[in-house]
Amino acid sequence: MLKGISPVLPPELLSILCEMGHGDTLVIADGNFPAASIAKDCKLVRCDGHGVPEILKAILKLVPLDQYVEKPVTLMDVVPGDDCETPIWDTYKQLVSEVDDRGADVIGTIDRFPFYDEAKKAYVVIATSERAQYANVILQKGVVYENEQID
Amino acid sequence: MLKGISPVLPPELLSILCEMGHGDTLVIADGNFPAASIAKDCKLVRCDGHGVPEILKAILKLVPLDQYVEKPVTLMDVVPGDDCETPIWDTYKQLVSEVDDRGADVIGTIDRFPFYDEAKKAYVVIATSERAQYANVILQKGVVYENEQID
Amino acid sequence: MLKGISPVLPPELLSILCEMGHGDTLVIADGNFPAASIAKDCKLVRCDGHGVPEILKAILKLVPLDQYVEKPVTLMDVVPGDDCETPIWDTYKQLVSEVDDRGADVIGTIDRFPFYDEAKKAYVVIATSERAQYANVILQKGVVYENEQID
Amino acid sequence: MLKGISPVLPPELLSILCEMGHGDTLVIADGNFPAASIAKDCKLVRCDGHGVPEILKAILKLVPLDQYVEKPVTLMDVVPGDDCETPIWDTYKQLVSEVDDRGADVIGTIDRFPFYDEAKKAYVVIATSERAQYANVILQKGVVYENEQID
Amino acid sequence: MLKGISPVLPPELLSILCEMGHGDTLVIADGNFPAASIAKDCKLVRCDGHGVPEILKAILKLVPLDQYVEKPVTLMDVVPGDDCETPIWDTYKQLVSEVDDRGADVIGTIDRFPFYDEAKKAYVVIATSERAQYANVILQKGVVYENEQID
Amino acid sequence: MLKGISPVLPPELLSILCEMGHGDTLVIADGNFPAASIAKDCKLVRCDGHGVPEILKAILKLVPLDQYVEKPVTLMDVVPGDDCETPIWDTYKQLVSEVDDRGADVIGTIDRFPFYDEAKKAYVVIATSERAQYANVILQKGVVYENEQID
Amino acid sequence: MLKGISPVLPPELLSILCEMGHGDTLVIADGNFPAASIAKDCKLVRCDGHGVPEILKAILKLVPLDQYVEKPVTLMDVVPGDDCETPIWDTYKQLVSEVDDRGADVIGTIDRFPFYDEAKKAYVVIATSERAQYANVILQKGVVYENEQID
Amino acid sequence: MLKGISPVLPPELLSILCEMGHGDTLVIADGNFPAASIAKDCKLVRCDGHGVPEILKAILKLVPLDQYVEKPVTLMDVVPGDDCETPIWDTYKQLVSEVDDRGADVIGTIDRFPFYDEAKKAYVVIATSERAQYANVILQKGVVYENEQID
Amino acid sequence: MLKGISPVLPPELLSILCEMGHGDTLVIADGNFPAASIAKDCKLVRCDGHGVPEILKAILKLVPLDQYVEKPVTLMDVVPGDDCETPIWDTYKQLVSEVDDRGADVIGTIDRFPFYDEAKKAYVVIATSERAQYANVILQKGVVYENEQID
Amino acid sequence: MLKGISPVLPPELLSILCEMGHGDTLVIADGNFPAASIAKDCKLVRCDGHGVPEILKAILKLVPLDQYVEKPVTLMDVVPGDDCETPIWDTYKQLVSEVDDRGADVIGTIDRFPFYDEAKKAYVVIATSERAQYANVILQKGVVYENEQID
């Protein structure tokens, strides 16, 4: 554990978030996402027993969203015909709005299979045990500006 | 790079500092310290080109000093007969005082060879290029209290 | 995730619990325990962000306590002079009583340094982020009887 | 061994089944199947000396069949002109019906070479010593619902 | 699988049995034996789901018992005061008698803790799921004579 | 060494032959064959100092030839214009006839470069020091029938 | 540390620079460059906490620029429409001119995405914490002439 | 294979013999010697299917016997009471005499258990399938003189 | 060091030369050749401080040139317009003529970029510190005939 | 190759020399020294084909001798009764005197077996093919002073 860092983040994940650069992406996957097979060619970190929001909140404290693209946060769109509700998206909007001046506008959606394709290109997949539906998130890291660092 | 974390710390070191617990020690070694051979049975992280103070300052932002021992910071005592000055110790006293209420009192010294023995038991040795003499430091990690964390 | 298994247990931990035999021990360590250095010669599994009780509960569903010793559960005794309370022990007593007919009697305590020595001999150390004091637990696995298995 | 888990499953397989997600597949291969070469790019677990049914039964206790596809169980179709009988399929139908409300309808067949192609994409190949013909099975994992878990 | 070899033996175990020499020992462990921790400094092969007798029988087809010691087969003696029966020993006596002219006389017993000490010196520990009590066996390999080989 | 197994087979090769399945192939290569480079993507076992026939004979005791193809044994055809004799082929025909009812008919030939292509797809390449010309052999493993095994 | 070598260069980087040959390239990346993901198929050396100029200066002492191409130094061109200034380029020009008779003429620029493609082909990516914009540099190593070496 | 080198020596063994220096020892073990367990802390090379003499002869072409000790060749003495003959020793005496001017006098013997102790200190153990009794040999490498090398 | 083998060859290179077969190639690279990057998919052996001729001479003592192709030795042709002299080629011609009856006729040349492509397909690249220009050589290994070996 | 660095030093050795600190030792071993076995617990770098003086000279350009001990250079003393000459020591004295103001006085000798014990504690053993007798050297690294570095 470290001062000022959420204990929910495994040490290895701290290292991975730090070595990511501008434009690299990460996936926070729900409990039924095939995280290990999707992460065949990238890093995999397990956060078993946790939901997506607590991991998302802890990451957003450390990682800026890409300031150079319109939608640095990507959700999987509800499949047409599926009348499933996605209340967890409201939580995501709130968490993002707390750290990014652009607010919930930075959140975009793509269809299921393009989402899988994007997930395979991520730098790291984080496996949670989130039980909500349509809860997977892809974040694209932005630039860490000089005034955000500690000397 | 991450928001709120000094960029002087390598990603791997962040992970190591985080996985250390109460009572574990780390060595910040100067440029002529035999860091690699001393670290034969522990972890080694290189911070080539840096001095000890900038690494020390960045670590103290994240790692509390052991609250359960009197002297959680250990310096190598000047060898009897050596009239070498140790102005860098003043820097260390100031950096420590900024983060620990006990102030410079937490800094102790031991002789050269006991220092080497302690260094071999550390969890990690951090190799710098510090050029000052008697500049090696051993830190003992304390407890991270609940109010020091971010949820 | 699997049917009938708590999602709080990482896949690797399932495997480790399964390959342990009669008499092997495991440590569930709190957030400030030096888990990584204690586990230098044994396995280490991280459950960052969780407390000890939720991990303990999930493990006790799968792992019987040693039926051949009197105290298969070991806590670290409060250091003499320390007036710290240990309310988390009541939680442990309840969880143990739910799965073992011997009840809370199976829980013993040892002093701090013998506890560390025992922890180093464990088959696995499980690192949590538990914030309560005196919260570390050592479990000794018992015999899995034929009628407890599924064919 | 663990309480409530069949001892026929190797510890490593428990871990693998747990880290699989919705849509991942596994192969339970008979004794003459070229399991090691087919599994060149995926995981391989050996269950030498066992038949397919005992492994299948133990896995179905833990792993739900994909609720989003019609045929999450795939057998290799009898080659045209081969008058071989496949009595082991009846065993499979019974085992599947015990755990899935859709019954034997979830079992489909594909031809030999497409079967090999599918097997190569699996997350894990499980090598048994099954002696029956046309005994290889591919399972596609489904969603583990909240009420199927233990807190 | 191979012609003339029992399919119950994993390929890796064939290799290990072959590379063992005169005087090397192996342990066939029951399901509650702490096989993985005992095998910390030697090889470990898992035969989950099998009993000891089927593994013992298959090994005795390939591995001669040491002709230079009186008791190349070692069982764990019943603890004094324990009125447990050991019917599985009769099976062992029969299996041994089928392959060694000295018959059941080659089977000796030692106490529990010396048994553990011997087990730690073995070349390989084979973990089964045997449920009978006092079922662990240590075998000492003998000389393979010229007339027992195939050119 | 093992009872009933030729000592010419390295332990590791026993394991490899055992884990091969129906349809997998192996190459027994002569002393000048570029075994290591051909085996870049498959396993390589060295049998330095031996000829092909002694290895072939030992393997045929354990491995059935594919009963589902006409020519499970493949030799490299003599290059047109080369008046080289291949007396070693007679040895191969005899060895094969001793174990397969189809006799020497199971032996086919292909040209040099297709032979190399097939060799690269093998499960294992076995490097010998055979000095005869056109001595390389590819074997395709068949089904091990129930009556060929030992319980 | 070594005599005559800048301590800013990690030991591993010395080795890498030495084993590079004529025509191999290296990237000195700024703090927001996605160094780890770009370096997926090449070597990665971290110089956290340093700027590009100090690393560039130290490397140019040891590594000649390619004498056989016109532009052995490559910068990322300013994106059209971006009115960002690039004062760090002047530093680069000066550093290059100090070691290469061709002066700043050896510095060329390419667009952002071709720059990324070139970076992926480098022999090593060096990650710094440089905060200036458009600060990434690619160097192409030249021939070390006989008179530049020490016997 | 190489010109002027016996093909009976595996490539890896050539490398090992070459990197051995003055005073290092090697064991050529017979088929029942526990080569793999004795070689737990040293290198192991397998020469399955070969006898000791052919390996000994090939090694003596490349490796000089220690000129600074009286008995650089060590055999295991016949156990008192054992009336076993050791005709293979005559072969060893002849092979040694062909390469060393001191003749068979360089061959010494030690008792069985000291032999095992010496074997464990060897640089490499070479496992053969030699069937003769008392056939194990330890060689101590000598100095390669300048006139024995090729420029 | 070994009797009859040039000490200029590293032990590992002896092993590699021995495991190469008919048709495999090796590159002896000069000091500015990008050996490490060219050898990304093949073996790399360093002979720092040596010239190409001494390595070439030592290799030709052990490795026959391919008797089945006209030009088993390949040099990089002088680039058109380059008036560079290549006196080292005369040394190569002499060394080759000493071991191959075909003499210098076995030496061919190809252009620079095809040379690089061939080098990437080699079994091993040997990095020297040769300072002469156009000094890189590719050798194609031939058949080692029976009369060239030592029993 | 690098500007200003002797090409006789392998890249890996540059890295090792750089990571050594004050008080660490290195061995430059002659061609018959048992370098690989002595270096069992330390690093080993091969410089086959070279003599000790050329390696020593190149190292002394980069590595200062320990200024805090009287004899940072250690040779193996001539064994009493051995009338062997050691002309190579004169070369060593000259090379050392060129870089250290204390001249040849820094060279000490110890007996053969203490020399071996010291060699085993070194940070790295460098294996040469030196043919002179009593040619092994141990160097103890000193402090690299600020004015000896390049910024």
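Each chain gets a letter, A, B, C, D, E, F, G, H, I and J, in the order it is written, and its residues are counted from 1.
Just so it is clear, contacts are C-beta pairs under 8 Å (C-beta built on N, C-alpha and C of every residue); 3 or more make two chains touch, one makes a residue touch a chain.
Quick caveat: nothing in here was measured; it's all calculated off a predicted structure.
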{"item": "Relative to chain G, chain with the most remote C-alpha centre", "value": "E"}
{"item": "Equivalent interface positions on chain B and chain C, same or different at half", "value": "different"}
{"item": "Separation of chain D from chain H, taking each centre as the mean of its C-alpha atoms, in whole Å", "value": "52"}
{"item": "Geometric centre distance via CA averages, chain F-chain E, whole Å", "value": "34"}
{"item": "Two or more partner chains touched - positions in chain I", "value": "1, 6-7, 11, 19, 31-32, 46, 144"}
{"item": "Interchain pairs in contact, sorted by label", "value": "A-B, A-C, A-D, A-G, B-C, B-G, B-J, C-D, C-E, D-E, D-F, E-F, E-H, F-H, F-I, G-I, G-J, H-I, H-J, I-J"}
{"item": "List of chain I residues in touch with chain H within their complex", "value": "1-7, 11-12, 14-19, 57-58, 61-64, 144, 148-151"}
{"item": "Interface residues, chain C side, partner chain E - complex", "value": "19-24, 123, 143-144, 146"}
{"item": "Chain E residues touching chain C - in the complex, by the definition given at the top", "value": "29, 31-38, 46, 127, 131"}
{"item": "Chain C partner contacts - residues on chain A that touch it in the complex", "value": "1, 6-11, 31-32, 46-50, 54, 129"}
